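Each of the next two complexes has subunit A plus one other chain: subunit B in the first, subunit C in the second.
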Partner chain A sequence: MTSSLGPEQVLAFVALGLGYGALIAGLATGLVVTYRSSGVINVAAGATAALVAYVYSELRTTGVPFALVIGLVVAAVLGALQYLLVYRPLAKAGPLAKLVASSGVLLTAQAVIVLRWGADPVAAPAILPQETVDLLGVSIPQDRLLLAGLVIVATALLWALYRHTRFGIATRATADSAKGSVLLGLSTGRLEVANWVIASVLGGLFGMLAAPTTQLQPTTFTLLVVPVLTAALLGGFSSFGVTVATAFGLGVVNSLIALLQGQSWFPQVEGTPLPGVTELVPFLVLAVTLYLRGRALPDRLTAVAPPMPRAPRPRRAGPAMAVGAVVAVAALAGLPFDWRQALVNSMLGAVLCLSVVVTTGFVGQISFAQMAVAGAAGYVMATVGGDLGLPFPLPPLAGIAAAVLTSLLFSVPARRVRGLQLAVLTLAGGVAAQRFWFGNPQWGSGLRPANVAPITVFGMEISPSRSFWGTEPPSQGFGLVVLAALLGCVFLVAWLRRSDLGARMLAVRSSEAAAAATGVNVGAVKTLAFAIGGLLAGVAGVLYGYTFTGVSADRFGPLTSIAFFGVAVLGGVGTVGGALVGGLLVAQGLLFHAVTTWFGIPPDYQPLFAGLAVVLTVIGSPDGVAVSVADAARSLRVRRLALGES
Partner chain B sequence: MSLLDVRGLTAGYGAVPVVRDVGLSVERGELVALLGANGAGKTTTLLAISGLVGLQAGEITLDGRPVTALTPARRARAGIQHVPEDRSLFPSLTVDETIRLACRTRRAPGWVLDLFPALERLGGRRVAALSGGEQQMLALARALCRDPSLLVVDEMSLGLAPLVVNAFFPVLRRVAAERGCGVLIVEQHVHVALRWVDRVHVMAGGTVAASGTVEEMRPRIDELAGAYLGPSAYPTEGDKP
Partner chain C sequence: MTDRTRARRGAVALGAGLLLGLTGCSAQEAVQKPVPSTAKLPGLDVAQRTLSDYVGGTPGAADKAKPPVYIGFVTQQGGIPSFPEAQAAAQAAVAFANDKLGGVQGRPLELVPCVVVSAQEEALNCAQRMAGDERINVVQLSLLTVGTASVYETLAGRKAVVGQTPASPTDVAARDVYQPWPGSYGIQGGIAKYVAEVLKAKNVAVVYDGDDPGSAFGAKSVAAAFGQLGVTFKQVATQTGSADVASALVSAGALTADAVVRISNTPSCVPTARAVQQLGVKAPVIALDFCTDDSVRQANGGDLPKWTYVGQSRNVLSPETDEQAAIYRSAMEAYAPGAKVGGLAPYAWDSIILDVKMLNQLGATPTPEQVSGWWKGFGGPLFLGPEKVGCGFLADKGLPSLCSTTVFLSPYLGDGKWERSVEVNAESIGLAR
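Presenting the complex of A and B:
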């Protein structure tokens, strides 16, 4: 499939890109609106817009105008509900809590879409006229131009609204000083609801308008949030103009890449153009711009201001580990195969959560690329063991080394980019890694899984299915390997928390400036934290590879990263115990298995419950379940002591 | 019936109250000062009146109507305007925008412009670029634009030159006299306050230790200063009448 590359083609593809750019722009201006009014980086914007577009497409038989109006109503309700149910209770919470809540909303919306409409693409009827217009001798679909025009008009209206109306002035005033607004007698709650409704309606409207021009498919739409965040971030979450311009730029570049991919000279893999380039571009744009601009961005975006979850020192770690190990060994020996598999999955999840504990809990760096780091380990292990045919233990060691390197790669921008910006950057990085590396037949495995050879020591194979202790997968012997790895990781993190380095990490987390002032080398501490976090994620990635006897791109995607991050926060991102609780909660883990087998809840509902659980936990117990339980136990003890004394 | 009546007010930031059993009142058209050493609980008392600090016990009435159950925003709409210690201005807005937000009209009402003629001159300036005195003026103007029945000002003279402070007191007197507004201020400089106000409440250790008219209090000022107000209450050179 090749096409020529003349000025007509370029013009046509630029016009096509305007349509995509308009969708990004519509969502991104909404992001600016909610960020300014509530301090929330709404990563769920793509998912909720998708939900609106699905409702619209569902109602297509009732006629376009009716469907459009109902879609707008749904968008307004979604916006108001998000604020009232999620962000109002979190008004005094830190940006991390709000970001996690927003990830929970994303997971929830995504789960609702998949439950109701499935994961396959759905058709949406066109709203805008479908005729083409002739522009300089090139025929161009009219709807793309109309979309672009509508976005520009909408943005101009928004700009005027915030610049010149009393509502707009009140919104800006409240962003400056909520206390000042309240003392003046303004209803800040009503202002915020209105802003959420505006943002949601804007996103929903352009979601519905653009749905016919792109694919209405849950993951695609949800991940639109990456270019959307890129545009909003480059606009400093404040400038509508820069945001919209960046959005159009990304749309056009995206479209031009599609044009280049049609050229005969474009690198081909297995007969198709090299995939993943379109995902790589926003990531590179973001990485380079953020790195160059560094500290010049608004403080609110760079600071992961307290309150962060607490990170109490582990108490009685040794005995607890011994008891845990004994219980786990007994469980591996005694549990039937399905429970054993759930236990193995939980242990794997706990290792991954431990890596979040180090990077986020200890140093306060939010990374949404943990699965990409794990995937790096899995894929390098598969290559070293498969293509190169090197013997055990070289493949897993190479895999873990690759994970550390990948994580260190993310730590380079982390030295200059902090907080929410880093979260956005790692999210973009996660998408790029999945599409350009794992899902790319050139370097990864394309759509197929890559095989992973089982562990072989002294001629004995320890794989989930064939091993020295039982043949029913997962074998107990393999379970012991996972348990040993988990214990090693627990030991490492517990030691880290008690060490000098751990103290310095917490110092960096609470204030980089203060830490630097007391002589802590902030850059070095962050780099070490990313290395250790990468090591842990790498161990998890390697174990995943062994568990499924292969690696595939869909396991290491950004949405899985977000889900894991949410689960880690659910458990408690500040402690080893939190990571273990997180392990219990992961998809296909012990709790999941218990709920599905005992209560007969279909497994399809797990993502929905996970999403809701993340949101509810953030609201109810921002330190995570583990710390809350420990607190409750402690206060119970204190009360008993007090009663005993009286 | 007083304009503001506070009885048995107990409030604080956690479970432990910072102020206990505070009683005070402000009449219409009256200028009242709340005096006390640092940490005596003056700011906390004002925050409890405007609703930013929760009440643990007690009763607050405005014009005879209890306001205790109202949110801070509703109290503001009921006629209580509070200029807090940090002034809580909107730095990214212009002076005009601030006034428009407060007044619902594009210009401040004539009587506010009469009190603060400089407002017109500052119109398009960003609040962040104003001097300390200009910011305090804007904070007062913003509150007055709401035409409050009670104006509460915390540490009006904090960080301002004595000359600037001396300009604000006549304004408050006029507001009280011409608008019938009750004014409650917290003032560190006791001798300055005594020159301008009608009545004082002296706070110490989280409660009101003495109350009275200026005539009653003036002879006792040295005794009160020694007992409650601490060294900052003694006049400095600039404050001497």
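Presenting the complex of A and C:
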């Protein structure tokens, strides 16, 4: 068989794509089950399935009998534990908190895999037959076809279960109205735990079945998060049929893109096929579909705005900024190098968190694209300063302008797509930007980090590595630059929250329909919020480029975007204080550095610590640490007042 | 205690137990990976004699009463990707040098390791730590996939930095840092030359992992190299670890090609082996030595696919056909028994041996300029690599850090048997920044 484009070839490639599609479908149906029962978008589904597959692989290679059955039991236990330990305590929390919790579970599961089995690939023993069948002149592996068949059977069973059994009807009733279900005498807890077990067993089963086709590696299934979410989203997080059909569609598209890459007319860059097409095409399909479907999606996803953390007006912002500035300058002057760098990392993280405060906290748009927007700033700054050779301050200004424009691009779908749909769409958009733009040698930096020239003012170089005040790196001078930028951003966001525009943003967040009824131009407010969010992310991207003397595409992957959004939510997305707390929580930020240093957590265990910290923090403070601290302080004041009066 | 509280406590206990069980200390020992046979390895006396000559040291142990010579060692492990074998091999080389080669001018050598898990911040932190450590004059880098730009920038002019193998164009463009091993810069040109001149192939199918920067860079380089050599080729990208390699192979024309080149990391090797077998591809397959990992052997029915593997070093899996590889294996067997001998281990081990050689000549406290000068003047050989190197020989092509473009291609015959490696110097074929 040749790779020319004939109907037979196309059909053969469609068949070849079924295996990949089946894997996506297996994970996506589990996602639908957990969302329908608990309202959780479980981004950890792939990582949990991988964990089960690893356990199965170890059992098989060490000769333990009934490995498949034990694997399924482990999957069931993992599902039940996730619900009981993580999501049940978060039953009354908003979807953001649950999403962040699942990102913590993802990090934890992945860290456990690396600690137990290492990052090297592990052989996955085959369950399904490995022979091939001849179809349209090409050998198709039997396991792919069987996997696809099993997915279809499982989907039919799930459909029947939720459509025709008492358990399924009760689950649907609980999803529609938990209170009503309780009044009817249904045990919502038992229903939810059963659904989590079903989802986990489903994911684990397909993980074990599909692992031999991919070989096991910690991120093999985790990185499928974008196609899996895409399939579940287009299925409205409710329809098993549409979800599975979309998953197979994505698998087929992936295979057909491989076919097209072999054609002489396929665009080439430096002798290789144009990179990023595999990520760009599904994103465009998703964006166009969601845009055209507009509000036609189920209520749970769109009509009811997900509850957001409180966003109180900042009080005494000026004095707080002044005190903060003095403390930060003193810290930059007096701290040893590692703490100084941790402070710089925290300030950088806080600026990026501020952009999430505006787009998500103020106007209610869940955007995972802030990392990509920051990346756009870094890449454009590198090009303007490096390739074009323009002097400071033109490169950072151009970078920030590019970030604003990129953010405005993301605001276009936000006019018609909102809530969790927008979250998935922006995540897919971020990945497409990473691969198609940043990783492209023609209009990104390709595979090398884009070098960033240091800040030079009147011949004086201000960079992290240059000596300042005669001390070793990182330079306090650069720390002061970051501090100044942070203070400027804090001022902007505090002003915004106090302004009329801020009030309009909160009105849109509360209810778009009500805001529109009172004369608020909802579209314009969203666009402005994305522009300001883009500006703040742009400042963060520029500072990031200066800190690491370059930007690289791997910084803006899907897992980084999810992890960073989680940090922002943990800090608190409704307030400036929340962003500052988020800054403390970022990887290698002050809090992370303090805990890992004081408790001597070895590097191998730091990812596990980070995952568990995310889960525990979100359970303890689902509205964000800043809000919890403010609440505690308020309670204390009230108690003191009461004591004084008595 | 209510039922709910009891259930919650039970769940917490079960969760904690599961976590402890999975991450417990038995982790790596539970799944012992098979280590290739070491039955015919030479004794340590042979290793001592050969390597004492090589490093210019005095056979015997270093004097523990003397102050140690410290070398900073920056490595990446604990995240994804992770190269724990690099530090294990480096420590083994240090122990061997201290026991058998007289350390550095009689003083014991000591590593000051700094681990990057997965973040640029960690790489920067390591660089700052090294920059501020007065004991350290030389920083030996292992392969880092993140944060190298800030490492070079921070250490420039403060400490002598010695590279190992380039992971990105940043590594080969670094000022006054030399990379003894060529990485993609030799491998892709080497593959192209081998395919064109040894296999005499006219029509080649190339499949690479498009989402992996190293593989994608390799694809770009191999395209340039084939272009120069007049070989017709078709390239198709797939994704790391994707089950869908068959589509890419067919699309690239693997069924009718004279040779198939697979540029990927380890996770893609098994899916490729399965797809090659299932599609009935007849052409010889050339793959990177990432595919000689034990996981590939296990998943492939206990034996590696019968492909030709290309690596930067001599074939350390075949001590029967290479004397230096046998000596390396002997030293590793003695000082890091059971440790992984492939992956980054040979480069890390040889880097420390080279550091000993350099410090024996320059003394224990060289300046960055002295170290840079030594590398410029170093003509080889690399103990596990080519006879001749010439650091900076491609400076005019914008690759000032590169020392060599020689690689080794080793055809695997099955059942643990290898043909002797073919040494190929890619010179400047297909090199691109």
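The rule we apply is simple: the second predicted complex is superposed on the first by the 588 of 646 C-alpha atoms of A that agree within 3 Å, B and C clash if a C-alpha of one lies under 4 Å from a C-alpha of the other, contacts with A are read in each partner's own complex, and residues count from 1 in each chain.
We take it that a contact is a pair of C-beta atoms (placed from the backbone, for glycine too) under 8 Å apart; a residue touches a chain by one contact, two chains touch by 3 or more.
All values derive from a computational prediction rather than experimental measurement.
By the touch criterion defined above, A:G185 reaches subunit B but does not reach subunit C. Contact with subunit C, but none with subunit B, is seen for A:F13 once the two complexes are overlaid on the shared chain.
A simple residue count on subunit A separates subunit B from subunit C, and the partner touching more is C.
Shared interface residues of subunit A (contacting subunit B in one complex, subunit C in the other): none.
Residues of subunit A that touch subunit B in their complex: 166, 169-170, 172-173, 175-177, 179-180, 182-188. In the complex of the two chains, the subunit B residues touching subunit A come out as 50, 52, 71-74, 76-77, 81-84, 87-93, 97-98, 100-102, 104, 142-143, 146. For subunit A in complex with subunit C, the residues that touch the partner chain are 1-3, 12-13, 16-17, 19-20, 23, 58, 61-62, 77-78, 80-81, 84-85, 108, 110-112, 114-124, 130, 132, 138-141, 144, 210, 212-215, 217-220, 251, 254-255, 258-262, 270-273, 275, 278, 337-338, 341, 345, 435, 439, 441, 446-449, 451, 463-465, 472-474, 547-550, 552-555, 587-588, 603-608. Within the complex formed with subunit A, the residues of subunit C that make contact are 7-8, 11-12, 14-15, 18-19, 22-23, 27-28, 30-31, 77-82, 84, 115, 117-122, 124-125, 127-129, 131-132, 145-150, 153-154, 156, 168-170, 208, 210-211, 213-214, 216-217, 219-220, 223-224, 227, 234-244, 246-248, 250-253, 255-256, 266-271, 274-275, 278-280, 293, 295-296, 298-299, 343, 432-433.
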